[in-house]
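Just so it is clear, A, B, C and D label the chains in written order, and each chain counts residues from 1 on its own.
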Amino acid sequence: MVSKGGEWHGVMPYLVSPIDERGRVKRAVLTDLVEHLIGQGVHGLTPLGSTGEFAYLNRHQKAEIIATVVEAARGRVPVIAGIAATTTGEAVAMAKEAEELGADGILAVLEAYFPIAEDGVADYFEAVAAATPLPVCIYTNPNFQRSDVSIPVLKRLVRSSPTIRYIKDASTNTGRLLSIMTATEGRMKVFAASAHIPVCVMLIGGLGWMAGPACIVAPQSVELYELCRAGKWEEAMEKQRPLWAINQIFAKYGLAACIKGALELQGFDVGPPLAPQAPLDEAGRREVRAALEIVGAI
Amino acid sequence: MVSKGGEWHGVMPYLVSPIDERGRVKRAVLTDLVEHLIGQGVHGLTPLGSTGEFAYLNRHQKAEIIATVVEAARGRVPVIAGIAATTTGEAVAMAKEAEELGADGILAVLEAYFPIAEDGVADYFEAVAAATPLPVCIYTNPNFQRSDVSIPVLKRLVRSSPTIRYIKDASTNTGRLLSIMTATEGRMKVFAASAHIPVCVMLIGGLGWMAGPACIVAPQSVELYELCRAGKWEEAMEKQRPLWAINQIFAKYGLAACIKGALELQGFDVGPPLAPQAPLDEAGRREVRAALEIVGAI
Amino acid sequence: MVSKGGEWHGVMPYLVSPIDERGRVKRAVLTDLVEHLIGQGVHGLTPLGSTGEFAYLNRHQKAEIIATVVEAARGRVPVIAGIAATTTGEAVAMAKEAEELGADGILAVLEAYFPIAEDGVADYFEAVAAATPLPVCIYTNPNFQRSDVSIPVLKRLVRSSPTIRYIKDASTNTGRLLSIMTATEGRMKVFAASAHIPVCVMLIGGLGWMAGPACIVAPQSVELYELCRAGKWEEAMEKQRPLWAINQIFAKYGLAACIKGALELQGFDVGPPLAPQAPLDEAGRREVRAALEIVGAI
Amino acid sequence: MVSKGGEWHGVMPYLVSPIDERGRVKRAVLTDLVEHLIGQGVHGLTPLGSTGEFAYLNRHQKAEIIATVVEAARGRVPVIAGIAATTTGEAVAMAKEAEELGADGILAVLEAYFPIAEDGVADYFEAVAAATPLPVCIYTNPNFQRSDVSIPVLKRLVRSSPTIRYIKDASTNTGRLLSIMTATEGRMKVFAASAHIPVCVMLIGGLGWMAGPACIVAPQSVELYELCRAGKWEEAMEKQRPLWAINQIFAKYGLAACIKGALELQGFDVGPPLAPQAPLDEAGRREVRAALEIVGAI
């Protein structure tokens, strides 16, 4: 049993967002997925990350997804709800809404169109943190987002906002994670993303990982996490190798399309990504199936 | 008097979006600006472009801005309403809404988070075109948007969708405009953006320009356009030089912040850009004022 | 007859560098090409630009190419020799050598591996200018070079170094050329590259163009230049359209490979680009031939 | 004692290139540095990497540096000589020369100006490998080099060229290293660069690291390596933290300038980087000194 009030840690799948052809959230499918993942031992759930297609959903859909996940989780593991906006006003409103819907924490993204100065970036996250008492995890993904959060801004944030305690960075630059830990004197706790090798991030002091692939290799991920926690680094590394191959396939085919395609193969009727994104094609399905078979996930 | 049904041409300012501290559209200010610009002789109006902060507004605010501009224009010049979305569904809904609100045309943007394949890009614009009988102008801005529209896609679109007739490209690559004209055999008509030198785009066969700076140097822009139309290229070039200096300042300070700041200097109470964007600072105001004085725009 | 001592202007082909399989300069071929181009009316010659594969040749090969071109030109048109280095010392030595070999001017490139601060960039070009009394043209190509020259650096250079009088910019951003003219109050004269539409650069005040494609469409280029000089802008534009299509093909297939391939089609035995660059393949040859036929260049 | 014939492993400093004001190699200084590093227990030496300013030196200087290092090393540790060229011909000549000068292996870089197709990239490295019987390490640094080596090309190379057995990748993307190991079924052995956390690369199966900072923290690096080899991962991680801070400073100030500046602080008269690169300034020197003091390296 994971303490919701304690420090977040472990395997926290980035949930997909199952949407039907008319734009309605498929609540039953999402509920099944949540039940399945908790049964597999995951330590938390993060709806509305990149894999959750936050950039493709409207406010109403997002609220319904948070509500569904909170309800399905029934307090067994923390639910960290993604919020992403270009304006401070919209971000604050979404953070308050997530709290009202019962989320246990906020995963905060700054979207941008025009470049934003460092002060504006810090102001945005401070306003989100001030909007609710929930713990906040900053999420940076320089491959897809048009803003990044510099280390000086992170140093400012850990001092100004005691609830900003976590960062999930999807940059592929693992050294940046260690630099963040050092620069914030450990006050900014770090989660890996699917762009980092989890066992490396655990070794340097990370708390776990938030990642789409954990939806489809949950028990394998939990086992890897436990080996790391037990300090069995070389045994963990042997489990890591085939799991990393899975992360690489997803980088190749596009995150939402691939995780949704893989979940379909595993029997979850989550549907395709939202158009004009393309669903996983036949070649992709074959490659995903083969990778899942290697790790015993299908 | 501009014929609304004919081919678009000339100076079409990208309107700013005046929003008050509580997020409400400042309708009176926007109405005044529209009246002023039509009085200066502009040939059309484009609300909800980049300068119009489309990426920072919600659906309700956008609808109100379109309605306000349509009402204020009273059919004197065409109103080309910007729509921008990451999903086809949202884009189609916004295009229909713009038509219902009385817009004369659609300025269509594809936003993206994950990369989109060429087919998906074309599908998106074809769906927008099919949603209404209004003429469509594609808007590409590779500096700020996470998708671009390739020349092969444009060739497909002019064949598949007769209402897709215009492109406004903000790439800084003027040669790309000439390549588009050639590749589409002239069926894709071209408007310049503030990143191109208007007199050059006119010389190569462009119809005019859609740009934020035209809000603040409208009569000078109209005069430049008329000289180009009359084939007085060298005289046009002499007018062009100081106007180009204005475009360069706006590239330096950020479009929305600068055009809003300049309009404030000219007496329009449009307010600052939406947070966390920073308003024009004192040094910026001085530089903008100096540039406007040189061309007699203040 | 072009005065060598006067201001450079007009069509200045970027010459290819014909090298045989054993690495020797094919002097006879290069001499023939020079004679041919002067006969077609070009206004100058620029060996060792991008098209001239400066980045693929050693010091000995470069010296032999400059010597060959100077000798073949026999003072009929100015020869502007490319020099490119990562160190100030090497650049200075190459500039002196070019002068000794009889070049009429220097085309100066700063190569880089690590990023260089603005002051270092300016120091480099000042040292080149101080090394010889020859006029200097700065050459910037942000697509291929790892350094760029900012407008503040150009402003410093026109003040500090009276012989730095020209810039050839290959950025595709035509507006940048106009900004350079304004910022340097006209003291930095501008040449276009194949990435710009020549007629546009002439209209904004450019002196001409330095470009690889001028090797293979020399008379057409000279005719275009003369129309621009005569102020016949619309007539020039009609000549410009098919010539632009040629520039676009070269962007597609790679400059050195394409110009060398096209010259082979025209009967000059210049050979392939240096390995591991690939020569023009069969499809490329067909496309180049078709484009040349349209403008009557084959 | 390291077996020169066996598999390379361990800490292999990227040596700086001490050059005096007249462009001459400071042989005595370089000899002292080699003696010092071997005394500290390093496992190999790599002259003419990025830190060695290969991009700033001419052929004669490079040959003299290789000769000096080989002579100073006296066979105690392997000397892996960097070669870098844009043409296959130059690379082959340099590889042969390195062999003649007594190098034990080749560190091969492909420089580029125009983009190179995958086949050309593979051809280049195959030609280098065929030129000598020495083992070859491919070096990729996407931050500074204009070409990269894709995983499919690496798969081709390990099959076609048995002497291409190592890769040193400076991409910051640690996951890429694991992907390379998997894709080549372990036949391509991996060295870290200063952009990766060494302890992470060791955990995933790397052989060691080739990096500029190892010049100035050699005993600390060797100690870290030994802890990794002994499987004492958490102890290694504690040594890693302050050493990583040093790598970060060097990313901030520029590799050659910083390593040379730090070596000057440690008493080696290596001089500044070659102009127009700037030497470490006073603030940089203070920051470097402080970081060295923390790890006891000054």
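By our rule, a contact is a pair of C-beta atoms (placed from the backbone, for glycine too) under 8 Å apart; a residue touches a chain by one contact, two chains touch by 3 or more.
These numbers come from a predicted model, not from an experiment.
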| item | value |
| --- | --- |
| Shortest walk length in steps over touching chains, subunit A through to subunit D | 1 |
| Identity of the chain that, by mean CA position, is farthest from subunit D | B |
| Interface residue identity across copies subunit B, subunit C - same or different by half | same |
| Centroid distance [mean C-alpha coordinates] between subunit C and subunit B, Å | 36 |
| Rounded Å distance, subunit A centre to subunit C centre (Cα mean) | 51 |
| Junction residues of subunit D, two or more chains touched | none |
| Listing of all chain pairs that touch each other, if any do | A-B, A-D, B-C, C-D |
| Subunit C residues within the subunit B interface of the complex | 172-176, 178-179, 182, 195-197, 199-200, 203-205, 231, 233-234, 237, 240-241, 244-245, 247-248 |
| Complex contacts: residues of subunit B adjacent to subunit A | 23, 50, 53, 55-56, 58-59, 86-90, 110-111, 113-117, 119-121, 123-124, 144, 146, 254-257, 274-278 |
